[in-house]
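Two complexes follow with subunit A in common, the first pairing it with subunit B and the second with subunit C.
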Partner chain A sequence: MDYSQTSFWSLVSFSETGWGWAFVQGAWLTVRISLASYLLGILLGLLGARAKLGGNRTLYWLAEGYTTLIRAIPTLLLIIVLYYTGTRFFDATLNVLGLAGTMTLNGFAAVVFCLGFILGAYMTEVFRGAIQALPPGMDEAARSLALSPVQRFRLVTFPLMMRLALPGLNNLWQSTLKDSSLVSVVGFAELLATGKMVAGETRMYLTFYVFIAVIFLALTLSSNAVFALVARRLDRGFDRGA
Partner chain B sequence: MSLDFLIRILPDFIRPLWITLSLWLLSLAIGMILAIPIAIAASAGGRVARWTAVIFMTCIRGTPLLVQFYIIYYGIGTLLAQIRWIRKSMVWPILQDAYWYALVALIISCAAYSAEILRGGIRAVPKGEIEAARSLGLHRIHVWRLVVLPRAARIALPALGGEAVILLKSTVLASTITVMDLLGMANYIRAQTFRDYEPLLVVTVIYVVLTFALSRLIARIERRKEAA
Partner chain C sequence: MTPKFLRILAAVAVFATGATAAAADQLRWGYDLAPFPPWNSRSPSGEWSGFDYDIMEALCTHMQADCEIVEIAWDGMIPALQANKIDIIWTGMSITPQREEVIDFSDRYRRGPAAYIAEKEMNLPISVEGFEGKSVGIKKATNFYTYFEHYYGDAATVKLYDTTDDIIADLSSGRLDVAMGDILELQRFLDSPDGEMYEMKGVTPVDPLLGKGAGAGIRKGDTALQERLNTALKEIRENGEYDAIAKKYFNFDPYGSD
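Showing the complex of A and B:
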């Protein structure tokens, strides 16, 4: 089909011939994989920071190896390695268990696992830095109140640490959002893959890649505003040094 | 996983290693030089210069590098191919080589991120030092060249070192626009031989070695600067 006479706005419209819904779906999928891998990353990051600061030597070296290695390898390369070895490992495990063909690894889960696992290494460093920056008196005060370790973490360390970790968390959210586009390389149909498909179909490469960039820019700028709001809230009661 | 096969494909990675390293070094050097005027414009330029610099940095830092690669290679690349006199000119062989598009994308990215870091450094230069330089009767240009920029560069040094490491890792994206860099070669071997582990392992090990060596080099430079 020849699209040279069709206007850009009718191509991104929500009519039958427009790709409006495809872009909405792609963007929504990008947001979902970013959010899910961000949550997985936070979880792994908290565990990693705990392992690094908990005092157990084996756990410390395990976490140290995880963060050092992951952060030394390009994300795109890691996604390819984790995606292919991960899915193959999954199939092999099913084979061994005699369950071959009964389950297939969901693409969404595989992608979130890859991105979250990579993000966890960067998160570990952010949380470790934030916890170490807390005045030791805080934890001592919590101990003297006879709070249990879980209570100490939930009521004292975590809320105080989050305020210090927030700039790092914001940075990592921005890079998660942007790095999520890398999974288009292993064939996952998020926003960039949608753009690629439409760009190839219409042969309007410049137009549609710029369009995708604009959507990403809107996502990063609006989430920046959200982080600024959260930062204001967590800063309540602290001298902002202004 | 076969060790024989792994050793046999090693020589294939020599040229790609050079392509990756040259992409990195060239984009780092040119990007950092471009970052200086952008950072100055963003922190002390007139209204138009400041907004141009800030919008440039925001757009580049707010969008995925992979999308920027596609805009430059597929977007601008196909646009250039439609212009007849360019296709007949001497530069056409260069414009057909994806390497140069990857280089341009990496330079733009490095310039934007480094400019943002430098802007932070410029903001952190103590006011008194700038006032002292002015009170010596130094010209505006000399205040920048002799006082503000060297101080800002030193303040920003650790972050700029981090940017150099990130840029090295970003070079893998060149493989997505058909450049035969390290990952490009690995993907080529995978497609030719249907063996995934060996070529990917080779590239992974090379990157781990490169980033480790680079981090140590940066740490050493920082220590020397601190001692000075």
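Showing the complex of A and C:
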């Protein structure tokens, strides 16, 4: 098909020959993958920070190995390795159990696991830094009130620490939005892959690369607004200038 | 063991073998998710078409296989093949010695040749005598250049360019006698109003310097599939199906003459 006479707006329209829905689906997949892996990353990050600061030597070295290894390897390489060896391991396990071919690993879950696992290493360091930056008197005051360890974390450490971790978390969210495009190598048509697809099909490379850059910018700007709201809430009771 | 347990075991075995037999006839073809028309083209709703797609359909009919398309970014093709996510790498993977170390290939199914274009009035036999004293524009760092320099470098004056568009610009302004390059790119120029005064003078033959063309990439040692693909390919080459598909898209032979 020759697209040289077709206007840009009809190409991104929602008609039968337009790519509008493909872009919406791509952007939605990007947001879903990013959100899910971000939440998993936060969970792993909190566990990692806890392991590093908890005082147990075995846990400390486990967490140290995790953050060192993951942060030293390029994300693209990790995704390929984790995704393919991960699914192979899953298939092999089924084989051993005699259930070969009965189940397949959900691709979305596998991808979210990979990205979240990588993200968790970075989150660990953000949370560890934020917890260590808290004045020791905070935790001591909580102890003197006879709060249990869980209560101390939930009521004192976590809300105070989140305020300090937020800028780092915002950074990580923005890189997650963009890193999620790496999963196209394992066959997911997220936003960037959709852009490549349309660019190849129409031969209008520059046009569509700029177009998806604009969508990524819009996603970043709108998520910045959310982070600003969270920051305002966490800053309650603090002098903004401090 | 109780008879009941044995019956369950037998049922599971039948189920498992039945499942594998079905899976054996199921072939998953890896497509680069970025299309490259007219070799392959994708509609917004996800239907594929184009030369590669038609050839795949013909092969699948001959192999009596149930074929499925898997869209993957080009960088992830070989890992996906090795991890058993796909059975065949399609959409034009060139057969190169480096790739042959990690995967196997079927015979080639296409090899877009390079073309020579020049003004219609010019007499240009594709030979050392024909190129004597002619200036020829070629893209830098390509197999085309290596090939041309090897056979006609002494006769012609070669000028190197960054893009085919630059070559065409110099050809149009009379600074070049001949443009050599990718046949599809040059054909697009010939079909445009600016290309009216020019015509194709010839195409390159199959030559080791130009690479071995593109084949279907398959897992190392998957000789059964390799044999099936090669047999089917031979059949559609011989019964004219291949040529009929080629005529739909091109006015040259995408298989490349031997």
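Definition applied: the second predicted complex is superposed on the first by the 241 of 242 C-alpha atoms of A that agree within 3 Å, B and C clash if a C-alpha of one lies under 4 Å from a C-alpha of the other, contacts with A are read in each partner's own complex, and residues count from 1 in each chain.
In this section, a residue touches a chain if its C-beta (ideal position, glycine included) is under 8 Å from a C-beta of that chain, and two chains touch if they have at least 3 such contacts.
Values in this document were obtained by computation on a predicted structure and should not be read as measured data.
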Taking subunit A as the common reference, can subunit B and subunit C both be placed on it without clashing, or not? Answer clash or fit.
clash
Give one of first, second, both or neither to describe whether A:212 is in contact with subunit B, with subunit C, with both, or with none.
first
Does subunit B (first) or subunit C (second) touch A:136, or do both, or does neither?
neither
For A:199, using the defined touch cut-off, is the partner it touches subunit B, subunit C, both, or neither? Pick first, second, both or neither.
both
Look at A:16 in the shared chain and tell me whether it touches subunit B only, subunit C only, both, or neither; answer first, second, both or neither.
second
Between subunit B (first) and subunit C (second), which, if any, makes contact with A:84: first, second, both or neither?
both
Partner with the higher number of touched subunit A residues, subunit C or subunit B:
B
Under the stated touch criterion, which partner chain does A:237 make contact with: subunit B (first), subunit C (second), both, or neither?
neither
Identify the partner contact of A:189: answer first if only subunit B is touched, second if only subunit C is, both if each is, neither if none is.
second
Using the touch definition from the top, say if A:55 reaches subunit B (first), subunit C (second), both or neither.
neither
Can you list the residues of subunit A that meet both subunit B and subunit C?
80, 84, 184-185, 196, 199, 203
Can you list the subunit A residues touching subunit B in their complex?
69, 72-77, 80-81, 84-85, 174, 178-179, 181-182, 184-185, 192, 195-196, 199, 203, 205-207, 209-210, 212-213, 216-217, 220-221
As the complex stands, subunit A meets subunit C at residues 1, 16-19, 21-22, 80, 84, 87-88, 91, 98, 100-101, 184-187, 189, 193, 196-197, 199-201, 203
Contact residues on subunit B for subunit A in the complex?
58-59, 62-68, 70-71, 74-76, 78-79, 169-173, 175-176, 183, 196-197, 200, 203-204, 207-208, 211-212
Of all residues in subunit C, which touch subunit A in the complex?
12, 16, 19-20, 23, 32-37, 41-45, 70-73, 75-76, 79-80, 82-85
